Amino acid sequence: MSEVLRVQGLRVAFDHPLGLVQAVDDVSFSLQANERLGLAGESGSGKSTMALAILRMIKPPGRIQGGQVYLDGVELSALDEEGIRALRLAGIALVPQGSMNSLNPVMRIRAQIADALADHGVTPSRSDLDDRIAELLRTVGLRPEVANLYPHELSGGMKQRACIAIAICLRPKVIIADEPTSALDVVVQRQVMETLARVQRVLGCAIILVGHDMGLMAQFVDRLGVMYAGRLVEVAPIGEIITRARHPYTQALISSLPSLDVRGTMQGIPGLAPLLRDLPAGCAFHPRCGRAEDRCRAEKPAVRDFGPGQQAACHFA
Amino acid sequence: MQGFVRYLRRNTSLVVGSALLLFLLLFVVIGHFIVDVEDARALSVRPLQPPSWRYPFGTDRQGRDLLAVMVAGTPLTLRIGFIAGILGVAIGTVLAFVAAYYRGWADTIIRGIADIGLTVPGLLVLIIIAVSIRGGLTVNQMAIVVASLAWLNPTRTIRAQVLSLRERGYVEIARMSGMSGPAIIFFELMPNLLPYLAATLVNAISSAILASIGLEVLGLGPIDAPTLGMTLYWVNFNAAMINGWWWWWTAPTVIILIVFLGLFFVTVGLDEIANPRLRKSA
Amino acid sequence: MRLIDITKRCGVFVVIIWLAASLNFFLPKLSGQDPVRSKLLQQAALGGYVQSGIDDMVKVYEARFGLDRPLWQQYFSYIGDVVQLDFNYSIANYPRKVSDMIAEAVPWTVALLGMTTLLSFVIGTVLGALLAWPRAPRWMAWLMPPLWALHAIPFFLLGLILMYVFAFQVPWLPIFGGYSMGATPAMTLGFVADVARHAVLPALSIILVATGGWALGMRGMMVTTMGEDYVTFAESKGLSSFTIFSRYCLRNAILPQITAFALALGQILSGAVLVEVIFGYPGIGTLLFQAIRENDHFLIQGVVFTVIVALGLATLILDLVYPLLDPRISYQRT
């Protein structure tokens, strides 16, 4: 397997009147070709911010403080504004949150695909363009006539498929799907995930799936990363994580999953996710951790490797 | 108190606006001590004197001391604005609450009238009203005339605001816990609307003053009262600009500028309080 | 917008016209006296001094609107006249018809107002959009305070100041009127240039103030729009910043501006009336001013009614065109 994307020591902070907020804190991971990586965590854990940071789309008051992102060995932070722009969509594409509002309400779907192609220097003839758009829409399971509709004429699932069609129009190497099924109902969620899976097979690209639905992750991804308070606290193949999670937070997440074959009470995680601008000292998870000791309250655990593509940040791992 | 000062430092619009209005207030109060307000009547002093130590703002063609006119007239103009603005917002608030809270046909009618009324040029309707009233208007009548249209805009904007508040969770909870409609309006909605109402009020006062000055410049104001607008009417009537009597129009122009700038910046400041979302951008 | 909505919207237009006409008819009655009648009688009493025909006019008026006839009959004959844009004769300039006088003044106002409104809307909207755009040049931030301050000033007050500076102190531009005394109105280049020179100051006093309002409104809408999900997604598509600016941000932020445009027309017109008065510009505003001075009720009613109808028509057209800009409100097949 070859590595397509590599994130190293990525740090993002937001200026806040009450001080600096560390939204993404020293995150490193790598992504193999054809791999499906999940990034899970509670809201506010920094997972969506990281998705934007990879595309270098953090806006003030936020800023990228440091770290490198390599796509096929090319360092993105070294690129100029025009270089990173050309790389968006063509190299790394984003499938936005399914919040119903990601498509421009005053443009037809067709125009929203065509402008993406045009701004990347792809200007086919009118009939070629029509063919290409029809092909894209078919790939995501939409009828070609959808091209002539406006977003408000589409259902939630159709909109999200249209977004996927846009995301794959330049055959990117990596797709970052940022909670692509939030705000969709369960049946539609499933269809959208199937569409994503099919698209990935057709294109042969890698996918980063950002979300908080552990059940969905378990079904879809090859490897799972868990974020807590801006840090990537554990990464491991999905099978490993479900059976032998190393970090207590991951373990808590797994045991909060409802299971069909094991009857019993569902377990939640005690306490609330911490405020990023007011993190506890030491390991940020210690106030909610059953195994916390003095060391956890004082010393921030380092990220340690446990074999290829596996890491965890816990003193007990 | 310290927090208040710190807040004011961020909300510069409010500070600038209040300072301008405060300056005007001081001008009027101090003015009453140093000048005889009776000199604001015609034929009180020598006509057409340029500014001098005796008449700092000069005198007009009919023999008014312009400083006295400004000292006497500024409160009159503001009075028209305040009466009309307060009436307008009061009526508008009641109508807006009735419309937005009870919806149904009441809403349809109130919104319909406000929407139609707003597309009609207000000044022209006021002209028709003013010319229909026989004999010259007094300052108070003038305020009532202006108020007759001053409720349209408040009704529209407050209604929209109440509608959005109505959907919030706490109103829902109050309703489910059996609170009566008026009680919800008074205890749950009002407190949240206050800063917004204040901004709407200042805005309404400003529009009312503008409308009253407009009527006055057209010659439909209180002929005997030395309001700012009437002074401009006489300026125009006597072609003071072409005749080179620059001081005649300078004084009312500067004061009207201060009035409008002051009210505008106060509105912007209040808007910021009512709408903290704007803070990041402003 | 479906056919029924269009019908409804046209119905609103008819209601506006009907209300305006009724207002014209009933308001003078409310005061107990009939100002038109007394003015006419007064004018007739002056007899031969004014115009002999005014006696006939009194007779006609008495016959149609005299107190001996029931109110509803008076009302219907009034509405009937108004619908045909017949506003009777001018009392102060007797043999002249009100409609003729209005027809003479309308082109001046339409030209002045049309040009200034369009220019200020376009300039203000583009300026406002740029003011909100993070990549706009830095110096643009300095435009904000003057825009704000100008926006708060009434048109005619700025007109006074401009007049003093550019027509009186530095006599670059004419101080008064729509064209030079003695110039014969004709479609010659010289006359057009003369008219243009006379229009500069009145136009400027409207444009400078109105531009600020549009700019501030647009800036606010742009800030809101730039926070929308579709702008984030557009950026992730690697679109050029010009595409994002024009087709994603500006295109959406301009929609509420156009809605606001319909509401602002009335205010702009009210302000423009005073500008015309100050500059003695030969449009509707000055005509109205003269009518008020001469207590010419028919002329006042005619002008007010014409303006309300014209503005009603303008907002009607705007409302009917709007769905072409916003596909969410589209003419559907039903």
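We just call them A, B and C in the order they show up, numbering each chain from 1.
Keep this in mind: a residue touches a chain if its C-beta (ideal position, glycine included) is under 8 Å from a C-beta of that chain, and two chains touch if they have at least 3 such contacts.
Predicted model, so just to flag it, every value in this text is computed and none were measured.
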item	value
Contact network partition after chain B is left out of the picture	one piece
Far-end chain from chain C, centres as C-alpha averages	A
Chains linked by the largest number of contacting C-beta pairs	B-C
Rounded Å distance, chain B centre to chain C centre (Cα mean)	22
Centre distance in Å when chain A and chain C are each reduced to the mean of their C-alpha atoms	54
Residues of chain C touching chain A in the complex	134, 228-230, 232-240, 243, 247-248, 251-252, 255, 325-328
Interfacial residue positions of chain A with respect to chain C in the complex	52, 55, 57, 60, 85-90, 93-94, 96-97, 99, 101-107, 115-116, 119-120, 150, 152, 163, 166
Chain C partner contacts - residues on chain B that touch it in the complex	116, 118-125, 127-129, 131-134, 210-211, 213-214, 217-220, 232, 236, 241-242, 244, 246, 249, 253, 256-257, 260-261, 263-265, 268, 278, 281
Chain B-touching residues of chain C, taken from the complex the two chains share	12, 15-16, 19-20, 23-24, 27-28, 30-31, 33, 35, 132, 148-149, 151-154, 156-157, 160-161, 163-164, 168, 175-176, 220, 223, 262-263, 265-267, 269-271, 273-274, 277-278, 288-289, 292-293, 295, 297, 300-301, 303-304, 307-308, 311-312, 315
